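Shared between the two complexes below is subunit A, which has subunit B as its partner in the first and subunit C in the second.
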Partner chain A sequence: MVEKKYKTAPLKSWDKAKEIRLNIYKEIAEAKSKGKVLLGGGAESLIALPTGFDYAMLVGEPYGAAISYLAKSDPDEYMKYVEASEHAGYPRDLCAYMRNYIGSILRDKYVFGGPFPKIDFYLQAGFCDTHSKWYQAVSDITGRPYFSLDLVPFDWEIEGESEKTKDLKRKYIVDQIHEAIAWMEKQTGREFNDETFIQGVLNECESTSLWAKVCIANRAIPAPLDEKTMLSLYVLAVIGRPRNDVVEFYRELLDEVEDRVANQIAANPYETARIITDSQPPWFALDLFRLLETYGVVSVGAHYTFGLSGGWEYDEENKTWEAGKTPQEKGVEVKTRDEAANVLADWWLRTGTVCRGVRHSGAGKIQRIMDMVDRWKVDGAIVHLNRGCEGTSLGQMDIVSSLLERGLPTMTYEGNHADPREYDENRTFARIESFMETMGLKQLYEFKKGE
Partner chain B sequence: MINDFIDVYKNRHDYAKDWKKKNPDSKVVGYMCSYFPEELFYAAGMLPVRILGSHEPQNVTEPYIFGMYCPFSRDVLAQGLQGHYDYLDAVSTAYPCMHLGQAFDSWTLHVTQKKFYVDMPNRVQTPYAVPFLTGRLEETKQEIEEWIGREITDSDLKEAINVYNENRALLREIYEMRKADDVPLTGTECMYITTASLFMDKKDANKLLKETIENELKGRKAKTADDTRLMVLGSENDDIKFLNMVEEFSAVIVTDDHCTGSRYFWNPVEEQDDPIQAIAQRYIDRPLCPQRDYPERKRLPYLLDMARDWNVAGIIALQQKFCDPHELDKVALLDWFKENDIPTIYLELDVTVPIGQFKIRVEALLERLREDELW
Partner chain C sequence: MITAGIDLGATYSKVVILDDGKVVGKGISKTTLEPEESVEKALNAALQEAKIDKGQVERTGVTGSGRRAIKDADVVATDVTADARGAYHLDKEVKTVIDVGGEDARAVKVGENGKVINSAVNDKCAAGAGAFVEAMSRAMQLSLEEFAEASLKSTQEIPINAQCAIFAESEVVSLISDETPREDICRAVHDGIADRITSMAKRVLVEEKVGLMGGAVMNKGLVESIREGLGLDPIILPDPLFVSALGIALMAADQED
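So, the complex of A and B:
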């Protein structure tokens, strides 16, 4: 057995993360019986928006991913979801999250047990073409009303977008936030509470900024977290970032991660090489991270994992991204609905790197990836050419070329983040093993599937 | 005269290069999506040309664009990488969709660096879309002015609007003529005309359109009342071979809803004091690409009205493979036409079309439409 280079320890926050996630899904199932407003929508839906109500929200992407987990434990059951959607006529090359989600509605089956929750309305920020139409299709099926907010993101900083353009974009979103609030009040017949909304907005900023700080802590050698673990941690920001318990969780997580850095507690005690990945992973096949571990390789993150619910602010002087400074950190007081709307719009436009990457690839997205390579001291990259999500695969081929031009060992594999029919595990593993060899790495211990 | 449009369609690059020779101080700008307000370039004395694919297999885009992006976006990028648009002074787009946006991003990295980008709203149903787009177009106008070193006046804009509106009216007149029982031109011929217009100086196109209407189409019978009347709709489509094949079966395509067809020119710019706002309003109000048809489905009733107005017996829906916005309308669209008793088939386009397979599907549709004649 090869000697371990670093000490390691289980993450203390792990159980709490699982508990909060479970509570959120339980609250969704019980929302109607408790008189709450229940809405559905996407992860990038400015999810602080409905916090003016006593509410629960089923966020579509993690729910679609949760269905895809079934492919591992109960493949036949998984197929019933995806086939329900395809039998209804939704083409197989559409977003895999969406097809799983629609299958769940058509089967009237909540993947966590019981019937599919009776959603009051759908709300989506239209940063991704598919998401905007996804909830329109769902609205067709369920007859529930749908509001879409057009989120036109900032371009990457390298493009030098003018302040005038940025102001226009902020105003466009703020106007629509007010429009959305009026619409939600009409749909629910309930009054929107500005106080809880303001708190929700501040929480959304803080959760996402804290997540960025957690990711930044992973610049350390050895990395305190591996991406497989991060995928289970970031999801709380995806489904519940405006919640008080989620903000509190990230505060504690950051403390713990910084403590691990200070004490050199590694995610992978062998840490021989550091990689980044690109796009969502195949959620039903996270074993590939375990395979990497057997070579001492730690995946320190991904543009997606860092950014889906991370608040990243560009540092013009150093041409890099740091955790966004929250309104609280800047001493900005938020007292009114309009001020909160402005903060929320500005926050997403300035710090939301994934929604911007779905609209603009090119030189800006390449710069972001290269920044990660430099600042996270990365030795290689594994790019998931994700047939299930054209949003996150935007610009991937140019990113691969740029990484190779730079001399960074880079491999690709084709797959699908939520449809196992498009993922070939044996082939992917063979590619990873060859890639490890090209990086000069030797397997340190045997890989055992499912561990 | 229709032959002149066919000539421009087939030799679009020669047309643009000739134009540049004749206008040595002017620029030619390519645009990728029909939502780009060409009037801005035209007002600056430029020639805007739509960038389309060539429908020829290619092997140059693989390193730049992932294979699950639509064949149209890959074909478009291929044109740039192969140097077919080497005469362009700049490339532009209004936000199209993720697929064509990917082609634009790669094009500006590897082919033409000078670019103009307009954040076209997707949710055109919000009242805030017009002021937002107006603001973005004002900025784009300023960027163009900085590039050419002169002001684009309101008078320039109004002149461009007039020329473009005349073009729209003339194309619309041709579509109106297709309502006749004896259709004066085939769908294939019409596609040549509308698509060639995308590459032409609109003043040239208008002159040719007037001559074609007056001297060629009036009194002409390209197809008769015995031919089955069809509508085509869907993604970008300039697949002449496909249309030609359909019309060989005693059928005639009498109208369409494509961004290379009616969606491109259907509505004019309505006069307002502020020409930029008037242009913005026009692009917000134009017939919808599915990409922008939400949350309410406004496209379906519009398509039904068109099918009825043009007395269509059946519909062929054509979607670029992997085109998500159209795929996301597929279920609703097929249900809609079924409910309204208009037989519809749904086909997927690739760079080249499988004519043999499509022929069987089209024949089956036509047999269904003609079953009354059989029995």
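So, the complex of A and C:
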């Protein structure tokens, strides 16, 4: 038996994370009966935007992922969702989240129980082509109105985008935010509350900045968190970052993670090697992280896991990214709707890394990943060639080449983040085993499926 | 010390018997749905050639995609490690190994003392492996030997979709209907598969000397296409079908008590 190098302890925040997530989905189911505005849209929809209403929001990507979990526990039931969307003509090469979501509408079945919630309207930022079409299609199916914001992220810093272009992009979004607010008021017949909107914007900035700080804490050796756990923690910012309880959760989580760092409490007691991954994982097959654990390997994160909910600010001097400084930290007072709109637009454009990677790949994304290799002291990389997401798979082979040229052991496997029909577990596991041997690692204990 | 190295592959089971590091017996059998029986057959053939009783085997190593089916082996390792160890034993100058098997193709970058530096495996579709060539030769109604020979006589390159074995087969049928010379179709198949193999191999940053192994490299037409695809002059390792089995037998012999 190999001796454990570090102590471990269960994450105290775990149960709270589960409770908040469940509450959010429950609030969605009960929103109409409680007189709330209920909207749908994607995770990058500037989700602080509707906080001027008493509202609930069904965020599409995590919902699509939740449906894919069924593939593990109840494959026949899962197939009913994808078949419903495929029989309606949505082909297999479209976003797997979208197909699951549309299947849920067509079956009138909410995966957490009961009928699919009656959405008042859809709001989506066009940071990804598929996402824009997703809610257009849903609007056509349901007859509910749809507002699309056209968002063009800043270029990666390495591209040296001019301040003038950045200002134009910022203004372009601010104008659309005002337009969206007027449109939402018209659709709902309700007045938009600027005070709650301002708080929602500040919360969105703080939640995402806090998540970036949690990720930064994972630079420590031993890593206090493993990616499998992080995937369950970052999701709160994806579905509820403007909420007070979510901000409070991340404050507590950061305290706990920093305490783990100070006391050398590890995610994996062996920590023989540290890796990063790329793209979303196959959500229905997170066992692959368990297999890695049996070799003492800890996945310390991913561009995706860090960035989808993370507010990251570029440090020009050190050519790296740190947690974005919130308006509160900078002492910026936000008093009006227009000021809040400017803060929200600026924050999204400046600190969003995943939305940037979806639009602009190339050298910028590679720089970001190399930065992770250096700063998180990474020994290897596993790249999920994700056939279900055109955005996050953009430029993946360029990343692989760059990692290899740098001499970093790198493995790829094919799959799909939310459609198990494109994932071959036996083959993936065989690859991981070969990869572990390539990294000179030995299995420390037997892998038992489902544990 | 007498050791047995078992490579339980998707298409064939191969066994090498070593006596103090020297190969004294080899055996092969078709892998069936009863992998233990397939191994038993190959093992018996190898023992017979080595004139050794099963009880004399002191250590056993097992590798190959079916390795988990064999219980009680002293050493278990993936093909990647066994390939590197076997290739290094055969030629210490080999820096990159390309193994083309029935269902898998892989490239392994070999470092000092046969240590694996990096590896890549073909993606899900079998269009990058020997089974694809077998399927195409069936479509052409040729034996594998005839298919390989015909390919070497080709005078022109024809691009073919080797991304998918099923699409490629229908493309071959179309080429036959168009009365494309048989030699050119055979070459097109080899070029297509070689393209997949070489682009996978380039992921590990191919470095000379390159050693080829696996059953499919006994096909001269395919080797020629791989040579062209790499733009290098790879060697075919001795007994290319048995390199993995040799590697795992050596690892079993190396293992400390």
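A few points about this structure:
In the analysis below, the second predicted complex is superposed on the first by the 451 of 451 C-alpha atoms of A that agree within 3 Å, B and C clash if a C-alpha of one lies under 4 Å from a C-alpha of the other, contacts with A are read in each partner's own complex, and residues count from 1 in each chain.
To be clear about the criterion, a contact is a pair of C-beta atoms (placed from the backbone, for glycine too) under 8 Å apart; a residue touches a chain by one contact, two chains touch by 3 or more.
On a predicted model such as this, the values are computed, not experimentally measured, just so you know.
By the touch criterion defined above, A:385 reaches both subunit B and subunit C.
In the superposition on chain A, contact of A:168 is made with subunit B only, not with subunit C.
Of the two partner chains placed by the overlay, only subunit B lies in contact with A:150; subunit C stays clear of it. Contacts of A:374 after superposition: neither subunit B nor subunit C is touched. Of the two partner chains placed by superposition, A:259 touches none, neither subunit B nor subunit C. By the touch criterion stated above, A:77 is placed in contact with neither subunit B nor subunit C. Touched residues of subunit A, counted separately for subunit B and subunit C, are more numerous for B. Of the two partner chains placed by the overlay, only subunit B lies in contact with A:362; subunit C stays clear of it. In the superposed model, A:424 makes contact with subunit C only, not with subunit B. With the contact threshold set out at the top, residues 385, 401 of subunit A are in contact with subunit B in one structure and with subunit C in the other.
Within the complex, the subunit A residues that touch subunit C are 385, 400-401, 404-405, 409-410, 412, 414, 424, 427, 430-431, 433-435, 437-438, 440.
Subunit B makes touch with subunit A in their complex at residues 62-66, 68-69, 95, 97-99, 101-102, 105-106, 108-109, 117, 119, 121-123, 126-129, 132, 135-136, 139, 290-291, 294-295, 297, 321-322, 324-325, 327-332, 334. Subunit A makes touch with subunit B in their complex at residues 88-91, 93-95, 126, 128-130, 132-137, 139-140, 145-150, 152, 155, 162, 164-165, 168-169, 171-172, 175-176, 179, 358-363, 385, 387, 390-391, 393-398, 401.
Of all residues in subunit C, only 65, 77-81, 106, 115-121, 123-124, 203-205 touch subunit A in the complex they form.
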